[in-house]
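Each of the next two complexes has chain A plus one more chain, namely chain B in the first and chain C in the second.
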Partner chain A sequence: MLNALLLMKQELAVVAIIFILLILKLGKDRSNVTFLNIVNTLLLLNVVAGFFWNSEGVLFNEMFRTNPLMILEKNILSLGTLIISMQSYSWLKTHKHVPEFYILLLSTLLGMFFMISGGNLLMFYLGLELSTIPLAAVANFDLTKRQSSEAAMKLIISSAFSSGLLLFGMSMLYGTTGTLIFSQLPAALNGSDLQIFAFVLLMAGFAFKISVVPFHLWTADVYEGAPVAVTSYLSVISKGAVLFVFVSVLYTVFKPLAGAWYNMLFLLSLLTIIIGNLFALRQDNFKRFLAFSSIAQVGFILIGISGSSQLGSTSVIYFVLIYIFSNLAAFGVVILVSAITGKESISDYKGFYKTNPVLAWILTIALFSLAGVPPTAGFFGKFFLLMAGAAKANWMLITIAALNMVISFYYYLRVVKAIFMDKNEQPIERVAMPLMPRLALYVCIIGIIATGLVSYVYDYIHSLTAPF
Partner chain B sequence: MPIHYYIILAATLFCIGVIGVLTRRNAIIVFMCVELMLNAVNLMLVAFSKLHYGTYLKNGAMGASGIDGQMFVFFIMVVAAAEVSVGLAIIVMMYRNVHSVDINFLNRLKN
Partner chain C sequence: MEASAIIFYAIAAFILGAGVLAVTTRKIFRSAIWLLFSLVGIAAMYFWMQVEFIAAVQIIVYVGGIVVLIIFSIFLTQNSGKEMPKTNWRKILFSTLATLFGFGFSYNLINEYSFTPSTQAFNVPIKEIGRQMLSPTDHGYVLPFEVVSMLLLAAMIGCIVIAMKSPEQKAAEASVTETEVHTTGGTVTIISKPEIVEEV
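Moving on, here comes the complex of A and B:
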């Protein structure tokens, strides 16, 4: 009994936090500041507790399984959630519905945990839905803004459509194999046409969630319309969770179809990198810009996955960790600036260094890491991804990816140029940094520098991943 | 009855749903079409579940019993209901802000 509880410790912790928040919400009125302090303390405890009492095993006839790698992935996600929660302090301080925000957000986190741990197509599907449906409600959180409800509408329609495709694929997979359990599927997969078709549909469902190019159309609109904190959650945490599952599903369940999915990944990653980069070149809204840059980043991740080796899964998890730190540092600055001044376009950031030197440096380091400039962790992340992809000796793919890294320098450094060099009559005024967002930004910067330079992080992830 | 009929029916329903989502402009009808897609999947799962149950009866303990497919259907129904309830709530919010449920009006977010 105790062992079963320990296996599900992270899920139980999130459920406990949700219930504590419900009780607090029903109790006497508290000011937003006390409430935010309580929530952030609980989330911090959740992250810390995630590192202890690790165990390995399966529950409920393999519906739920856990191992140190999954625990690490969940810890990465809880850490990201904590950082976002601390960063959105300035935004939520004056908001009317803080408890609801956290309850919805944490239910999506719970869904992601179950999705990562699910050992059955049913459990995986339920986790996926639990992680997307509340997110649409959260995207509508600026209740009076038209853009916000527009974003929520687009998110719920595209996610419902994509889960429809996913389910159709699953039903055909069930029809041809007769099982839903992940550990029994590989033996039953023989590469028949119907199975390949089912796999294509499943892949389309996944591609929607991680916004791979033919299925990326919702991304920019949703990112622009949703509140900034929700945008950063969408682009980092929910994308990261689906990527973790994507790697593990491709490398274990669909291993017999490796030949088929290598070709698909090859095409998708090329399209994703090129189109993501081309559209990022001409954006002026900061959130749209980060949306397209995140599409391009997913393209690089797909190259890493296509390597189909232990290096592939290691480098993907490592890159997602780095991506969480660097993207959250960039979004943290945008959240702060937009909460206080309401400015969200890149041209507003001209002369940002004059008024906010610290924030300007943080944003610059984050953009350097996203672009992949050597001392930051982003360089090592992308290097390992390309190394993993190069194992297949598909030099055309690697060359195009490397060329696209050069293109991406242009648009990342364009922002840096605007911050440091361009003159502006009315620069963004000095933005106050309360303690919590400041701490969160410092954690991100330490993460950006440390994950690259301390090789222990990479080695630790490598020791947990299974050989292909 | 052979399984082909069920599969063809389900695939047709699914295609109608997909075409509806891609072409219709009324948000409520789009949600109906998503429901149609999900129900096509339900039909397919039940049909396959019966198929696997048949092989289970023939081969004894060798095949899968086919129960999990039917169980899956219940969960899909529950999730679809949750999805639509959130979706309708968002449509209400959209109607308040835009005064329309036509998704052609959702073009404020363009550069």
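Moving on, here comes the complex of A and C:
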């Protein structure tokens, strides 16, 4: 009994926080500041507790399984959620529905945990739904803005459509194999046409969630309309969770179809990188810009996955960790600026360095890391991804990816140029940094630099991943 | 042709016919009713396959719940009685082609795959289904059940937050309505409320 509870410790912790918040909400009125302090303490405890009492095991007839790698993935997500929560302090301080915001956000986190741990297509699907439906409600949290409702509507419709594809694929998979359990599926896959078709549908469902190119149309609009904190959660945490599951599902469950999915990944990654980059070139809204840049980043991750080796899964998890730090640092600055001044376009950031030198440097380091400039971790992340992809000796793919990195330098550095060199009559005024966002931003910056330079991080992840 | 095969094709034709009417009719309310018929047809199909429990669930959830919800939301939107604009022939042509392709493609795939018919009779009492759904032991489904309940809790809270209006908003709306009526001077005008986007 105790052992079973320990195996599910992270899920239980999140459920406990959700219920504590619910009870606090129903109790006497509390000011937003006390509430935010309570929540952030609880989330911090959640992250810390995630590192202790680790064990490995299977529960409920393989519907729930856990091992050190999954625990690490969940810890990464919890840490990211804590950082976002601390960054959105200024925005939430004046918001009317703080407890509800956290209840919904943590429900999605719970869904991601179950999705990562799911050893069964049914649990995987439930986790996926739990991690997207409440997000649509959260995307609507700028309750007075029409754009925010539009974002929520688009998110729920596109996720319903992708769930439809996913379910159709799953039902055909179940029809042809007779099992939903991950550990029994590989033996039952024989590569017949119907199974390949089912797999294509599943792949399309995944591609929707991580916004790979032919399925990316919702991304920019949703990112632009949703509140910035939700946008950063969408682009970092929920994408990261689906990527973790995507790698493990492709590498274990669909290993017999490896030949088929290599070709798909090849095509999808090329399209994703090129189109993501080309659209990012001409964006002026900061959130749209980061949306397209995150699409391009997913393209690089797909190249890493296509390597189908242990290096592949290690580099993907490593890159997601770096991506969380760098993207959250960039978003953190945007959240602060947008909460206080309401400005969200890149041209507003001209002359940003004059008024806010610290924030300008943080944003610059984050953008360098996203672009992959050497001393930052982003360089090592992309380097390992391309290394993993190169194992297949498909030089055309690697060359095009490397060339696209050059293009991405242009648009990331364009922002840096606007911050440091361009003159502006009315620059963004000085933005005060409360303690919590400041701490969160410093954690991100330390993360960006340390994950690249301290080789222990990469080695630790490598020691946990299974050989292909 | 056997009698059961004839019944099967009759039910299938009913489902497809109602489905086609649901997407082609130009009045949105009728479209919802045709959808209702289509879903009842699917329930009939489950009865034909002798899976009574799933048929009952189909009727309770889809016919009783979802279609009623759709009809409610149609009533709440404006212009629900008006005819929708005519679709042009190009859209009709391409959607027909897409449907035919989808049908042909999946029919071909499923037809080629040699399914082995099950030898076991499917005869599970409802009591057993209920017990297994809440059983924590092997092959029990208590974990998904609990996850679904968390999902419903989250969905409910999300809906309440979105739909709830703060006291200030209500007051603002009331004052707007009053002034508008005064300025129009006697003529009754319908003031369009801001649309509320609802999540289901």
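One rule holds for everything that comes next: the second predicted complex is superposed on the first by the 468 of 468 C-alpha atoms of A that agree within 3 Å, B and C clash if a C-alpha of one lies under 4 Å from a C-alpha of the other, contacts with A are read in each partner's own complex, and residues count from 1 in each chain.
As a working rule, a residue touches a chain if its C-beta (ideal position, glycine included) is under 8 Å from a C-beta of that chain, and two chains touch if they have at least 3 such contacts.
Note that this is a predicted model, so its numbers are computed, not measured.
When the two structures are aligned on the shared chain, A:S107 is found in touch with chain C, with no touch to chain B.
In the superposed model, A:G127 lies in contact with chain C only, and not with chain B. In the superposition on chain A, no contact is made by A:Y460 with either chain B or chain C. Of the two partner chains placed around the shared chain by superposition, chain B is the only one that A:T179 touches, whereas chain C remains out of contact. Looking at the shared chain after the overlay, A:R288 reaches chain B, while chain C stays out of its contact range. By the touch criterion defined above, A:M63 reaches chain C but does not reach chain B. Using the contact criterion defined above for the overlaid structures, shared-chain residue A:Y262 touches neither chain B nor chain C, since it reaches no partner. In the superposed model, A:F468 makes contact with neither chain B nor chain C. Using the contact criterion defined above for the overlaid structures, shared-chain residue A:A152 touches chain B and also reaches chain C. Residues 122, 126, 129, 133-134, 136-137, 140, 143, 149-150, 152-153, 156, 175 of chain A touch chain B in one complex and chain C in the other. If you check the complex, the residues on chain C that touch chain A are 106, 109-110, 112-113, 115, 136, 138-140, 142-144, 147-148, 150-151, 153-155, 157-162, 166, 197, 199. Residue ranges on chain A touching chain B, taken from their complex, read 121-122, 125-126, 129, 133-134, 136-137, 140, 143-147, 149-154, 156-157, 160-161, 163-165, 167-168, 170-172, 174-175, 178-180, 220-221, 224-225, 282-285, 288.
Of all residues in chain A, only 15, 18, 59-61, 63-64, 96-97, 100, 103-104, 107-108, 110-111, 114, 122-123, 126-127, 129-130, 133-134, 136-138, 140-141, 143, 149-150, 152-153, 156, 175-176, 192-194, 197 touch chain C in the complex they form.
Contact residues of chain B toward chain A in the complex are 7, 10, 14, 17-18, 21, 27, 30-31, 34, 37-38, 40-41, 44-45, 47-48, 51-52, 55, 63-64, 66, 68-69, 71-72, 75-76, 79, 82-83, 86-87, 89-91, 93-94, 96-98, 103, 106, 108-111.
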